[in-house]
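Lettered A, B, C and D in written order, each chain numbered from 1.
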Amino acid sequence: MATTDQNKTKKVQVRRFKPEENPEKHYLNQEKGLWAWLTTVDHKKIGLMYLASIAFFFFIGGVLALLLRTELLTPAQTFIDADVYNQVFTLHGAIMIFFFLVPSVPAALGNFILPLQLGCKDVAFPRINLASFYIYVIGAIFTFISITTGAVDTGWTFYTPYSATTGTSVLMMTLGIFILGFSSILTGVNFITTIHKLRAPGLTWNKLPLNMWALYATSIIQVLATPVLAITVLLLAMERLLGIGIFDPNLGGDPVLYQHFFWFYSHPAVYIMIVPGFGIISEVISTFSRKIIFGYWAIALSSLAIAFIGFLVWGHHMFTAGQSSLANMVFSFLTFLVGIPTGIKIFNWLATMYKGSIDMKTPMLYAMIFLFLFTIGGFTGIMLGALAVDIHLHDTYYVVAHFHYVMMGGMVMAFLAGLHYWWPKMFGKMYNEFWAKVTAVVLFIGFNMTFLPQFVMGSQGMPRRYFNYIDQFQGFHQFSTIGSYIIGVAFLMMFAYMMHSLFKGKKAPANPWGSRALEWQVSSPAPLHNFDHTPVIIHGPYDYHQPMSEFQLGIATSHNGHHAGEPVTVEKSVTDKV
Amino acid sequence: MNRLSEYMLPPAKSVTAETTDALFTFINNTSLILLAGITVAIIYFSWKYRRRSDDDVTPVISHNNKLEITWSVIPLILVLIVFSWGFSGYMDLRTAPDDAYEVKVIAKSWLWEFHYENGYVSVNELHVPAERPVKLVMRSDDVLHSFYVPDYRVKMDVLPNRYTSLWFQTNEPGESIIHCTEYCGRNHSNMNATVFAHSQEDFETWLETAASADDDMDPVERGEMLITRNACDTCHSADGTRLVGPTFEGLWMSEREMEDGEIVTADENYIRESILDPNARITAGYDPVMPSYQGSLSDSQIDAIIEYLKTLQ
Amino acid sequence: MSGHHVSSAKFLWGIAIALFFLTFITVAVTWITIPEPWNVVVAVAIAAVKALIVVLFFMNLWWDEKFNTLLFIMGVVFFLLLIGITLLDTLYRVDPVPSF
Amino acid sequence: MAQTSAELEERLDHLQHHFVDSDQQFDSSKMGMWVFLVTEILTFGGLFAAYIVYRSWYPELYLEASTELNAFWGTVNTAVLIGSSLTVAMAIRSAQLNQIKGLIINLWITIGLAVTFMVIKYFEYAEKFEKGILPGRYYSYDGLEHEKANIFFSIYYMMTGLHGLHVIIGIGLMLWLVKKAKQKVFHSGYYTPVEITGLFWHLVDVIWIFLFPLLYLID
């Protein structure tokens, strides 16, 4: 703390509160029953309900992916026809993106962890938080209605004029996504306000966990981008319903304008998906290296930089769409600028590991897998950002492989790292470390088998969204399909050991990883209202050179008013004998 | 490492492909070197600094400005090189030489029509002079399509309300495949065509004779040939299989129920109408998706097709 | 925090009268013909001033915490980015014309 | 402030458990609302962007088609909305000063003005519908020569329609506020819902301030 701030800081008396091990009462067993769960305003339970929902959608999306890969075993029809294939890839994309990737880290893990990392009892608007979950459910219902009334065969991008003319039930699907958008917006509103207003005493901006910085950047993108998606799908729905002609060339409109609007959301949406993953990786690498994070501000600010620049690059999805060369040039240039903050993060994480005390537990293993796969995803992104090369690679399997490396190799691996990292805090149980690691390795192998051949196929000119393909690609496709089955097996294994952990797992200690972060200073599972004593933060969350006891602090005089994140100095310290 | 790029890329058959491939190779190699570095660092650190006891004390290294600047600036320089390289390559791809030979392309779900200056129209076969710039001016009849020749490293979307263009110049005579790469519905993956690059002489001969080449064929054979050449068989089978459209088998003189309940006999007039104005009457159970062949099929060609259909009883 | 600013009734009426007056000006400038595109510029400029007055004095941003102002500015800036960058495409398209 | 402890106790009934005090709760709600207003700006922003793109392509279309819009009623509606912004600001002032009666009266005036706005809007729409100026593919008016006239009116209907929807939501919110005010929920220590509904209503006004010259006053 700079000396100039000294006179602004508030003096508090602190006491040390060691977390209770294996508490009898916690958030999972107080307020029991289905109804209590469905009407809960507790962020932790809402987070778990989201977790269950996204797991369900990930399962559906995954099964659809396996159907696609199975169909692609042979160059012609294998077992489903072209119409079904088109519907399946549309649903796979829409479900994975809108129902799994976008809410996965912010709404599921984020909801659970955000107040715990900020040292507050709940998010700023608990009822709106619950509402956002139900809005998500309603959006999902509309999507299911659309599946049963003819599905959608437009691809998840809903490009006009095809989406305006196809006979399938685009209207229901767009309505579902419109509704879903509000769920995402409300989560963003909640998180921004909570991070600003409800930080614990002493939790100044320079002590904010990097996961919070990442979620903060994510929420800003959600709030700024999602409304444009809402208006775009609304206009698309009106296009079908009334034929308003803004996007439909047959009525005088412009299909490229639709693409601008769509990607103004959907490109930043890529960052909605990946930036919170960065946050998790920062937490995990620091914890398991037991070392202060390298370049705190570089990582924190690069999240914001990615969020901001990420808004200006949407046109790189449209290099061949018929937009002006000027726009192509600007978009290509800005695209490369996003690469810089992303690279900075990778190097900072590596530097954090340098001279650390690295414990290769499952979350750390996933973080390492993330580093490797996401780096490949990033480099192939550079390839696709280069205008001349993108002309060749656009809409081929190269793009498919690229975004699966970023989304699955990056985002899903980060999500799994986070899930394994916070699992003990969520359920108070440990999972089988051996099987978890084996699964991670199987997943890694299956993933690369699936998507590496797709880079080769794509550069050789295999277009995406193809039901039939020319014979020369069959070998690659079959290899890829076998890889996808291995991924499937890995997720089944994961499901098995997670279920085992839930019902028969060993009880988890409050702080199994020896982390300094705030969420590990409460018992596992977390208490009903998170903190029985208002915590006081005097060190950063990665200050591993400070003694553990100084992280387990609470205000001695209970409930004296404080403003968010107000700087504090310790006046008197009492060690509590619990 | 260049072998890897060579393995990944299809044969380069156009003059601009060289730049694209060189940039591809550069990015590929640079990325592989950096990736190898990062991977080695991950594995080395994980091993070297593995936890030895629970009381390990780690040094406080919170940041290092010199390092931060280094690993921001070096990638920045690299990506600026890639950007300029990619942009100049792109501008070459966008700027067709003035003396380019022009072919008009009309994309329809799900076929490609190529219109030549003498009025001849070929379907799913693009014939061009080799070693000479060729400019395609393209539009779509219905939804978005995209014209892609992997061997030439060129691609451009085809839009219904505007003309777009691309150009290429082949290195030598030869054949290459054309794909549609903008998703356009059921038969998207069948919307392929072939580009034939002929020597200038051969091309001129082809262009002169193509229009009249099939005039003196046997009508049934000619009809069968036209069905294939105009990609009718993408959607209509000759063996009773149901594809996007009704099968041709047993079509001739059959009683057909239309979408509006009307019963029509598939006679000459009906078939002619179905080819020239396909969405006027739709057979019950099918979608109105067929493009019109007005202007691309002559009367005698339609007669030949009808003669052929008569044989499919 | 200064979130609870209480404006006097006289002040609120003053703001409303200023808004009525600016509405009159907007309508009045259409009586004199200003050439395109300046008519749009004038109309939008007056609208911007009116909007600013509402935001600052009715919505109390003038007295509110700075972050809320930042939020509002962000909303406007990102709208301008959406339209500005889209115009880079839509205004600069060069479509070829087939020569036959 | 001379209040008994019992009174103080009662005045904190609005405070949720996860906030430290009333101020923190109030400031949080207000910030949350501002974040939400940003999403509103960008939702309408999409429509404004479509408007600007088409205007830059077809300036003559806008000149021609806007003559079908009635500038007089547009001006009246602008005045009505500004008036309602004033009354909603007065309503907040009343709440801040514990004048519950003034709060209810001001809310009722605001609701009245909002309804007036919608009634005028209704007559404007009805007049166009009669002429055949319907949205989208139902457009059948032949008084305009520009081939893209349907798109101008699509944009017009989308913008004013979405704005009208917000007015209706605003009316609903204010009716709910009146009900709560009658139950004596609001006082100078807690008037958050009034404040944030006011913010919402002012934003609806701001949107209209731009819609009015951009749609009605092009000539």
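In this section, contacts are C-beta pairs under 8 Å (C-beta built on N, C-alpha and C of every residue); 3 or more make two chains touch, one makes a residue touch a chain.
The structure presented is a predicted model; accordingly, all values stated were derived computationally and were not measured.
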{"item": "Contact-richer chain pair [B-C vs A-B]", "value": "A-B"}
{"item": "Innermost chain, taking as reference the mean of every protein Cα atom displayed", "value": "A"}
{"item": "Cα-centroid distance, chain B relative to chain D, in whole angstrom", "value": "49"}
{"item": "Mean-CA-position distance for chain D and chain A (Å)", "value": "34"}
{"item": "Two or more partner chains touched - positions in chain D", "value": "27, 31, 35, 38-39, 41-42, 45-46, 49, 53"}
{"item": "Shared interface positions of chain A, touching two or more other chains", "value": "196, 224, 228, 252-254, 256-257, 322, 325"}
{"item": "Contacts with 2+ other chains: residues of chain B", "value": "162, 164"}
{"item": "Touching pairs among all chains present in the structure", "value": "A-B, A-C, A-D, B-C, C-D"}
{"item": "List of chain A residues in touch with chain D within their complex", "value": "115, 120-126, 128, 185, 188-190, 192-194, 196-198, 223-228, 230-232, 234-235, 238-239, 241-246, 251-254, 257, 261, 529, 559, 561-564"}
{"item": "In the complex with chain B, residue positions of chain A that touch it", "value": "82-83, 86, 153-155, 159, 161-162, 165-167, 249-250, 252-256, 289-298, 320-322, 325, 328-329, 332-333, 336-337, 339-340, 343-344, 346-348, 350-351, 353-360, 368, 371-372, 375-376, 379-380, 382-383, 385-392, 394-396, 455-456, 459-461, 463-470, 514, 544-545"}
{"item": "Contact set on chain B toward chain A in their complex", "value": "7-10, 19-20, 23-24, 27-28, 31, 34-35, 38-39, 41-42, 45-46, 49-52, 54, 56-64, 67-68, 71-72, 75-76, 79-80, 82-83, 85-94, 142-144, 146, 148, 150-151, 153-157, 159-162, 164, 177, 179-190, 192, 287"}
{"item": "Sites on chain D touched by chain C in the complex", "value": "23, 26-27, 30-31, 34-35, 37-39, 41-42, 45-46, 48-49, 52-53, 55-57, 59, 63, 71, 75, 78-79, 82-83, 85-86, 88-90, 93, 96-97, 198-199, 202-203, 205-206, 209-210, 212-214, 217-219"}
{"item": "Complex contacts: residues of chain D adjacent to chain A", "value": "16-21, 24, 27-29, 31-32, 35-36, 38-47, 49-50, 53-54, 135-138, 147-148, 150-151, 154-155, 157-158, 162"}
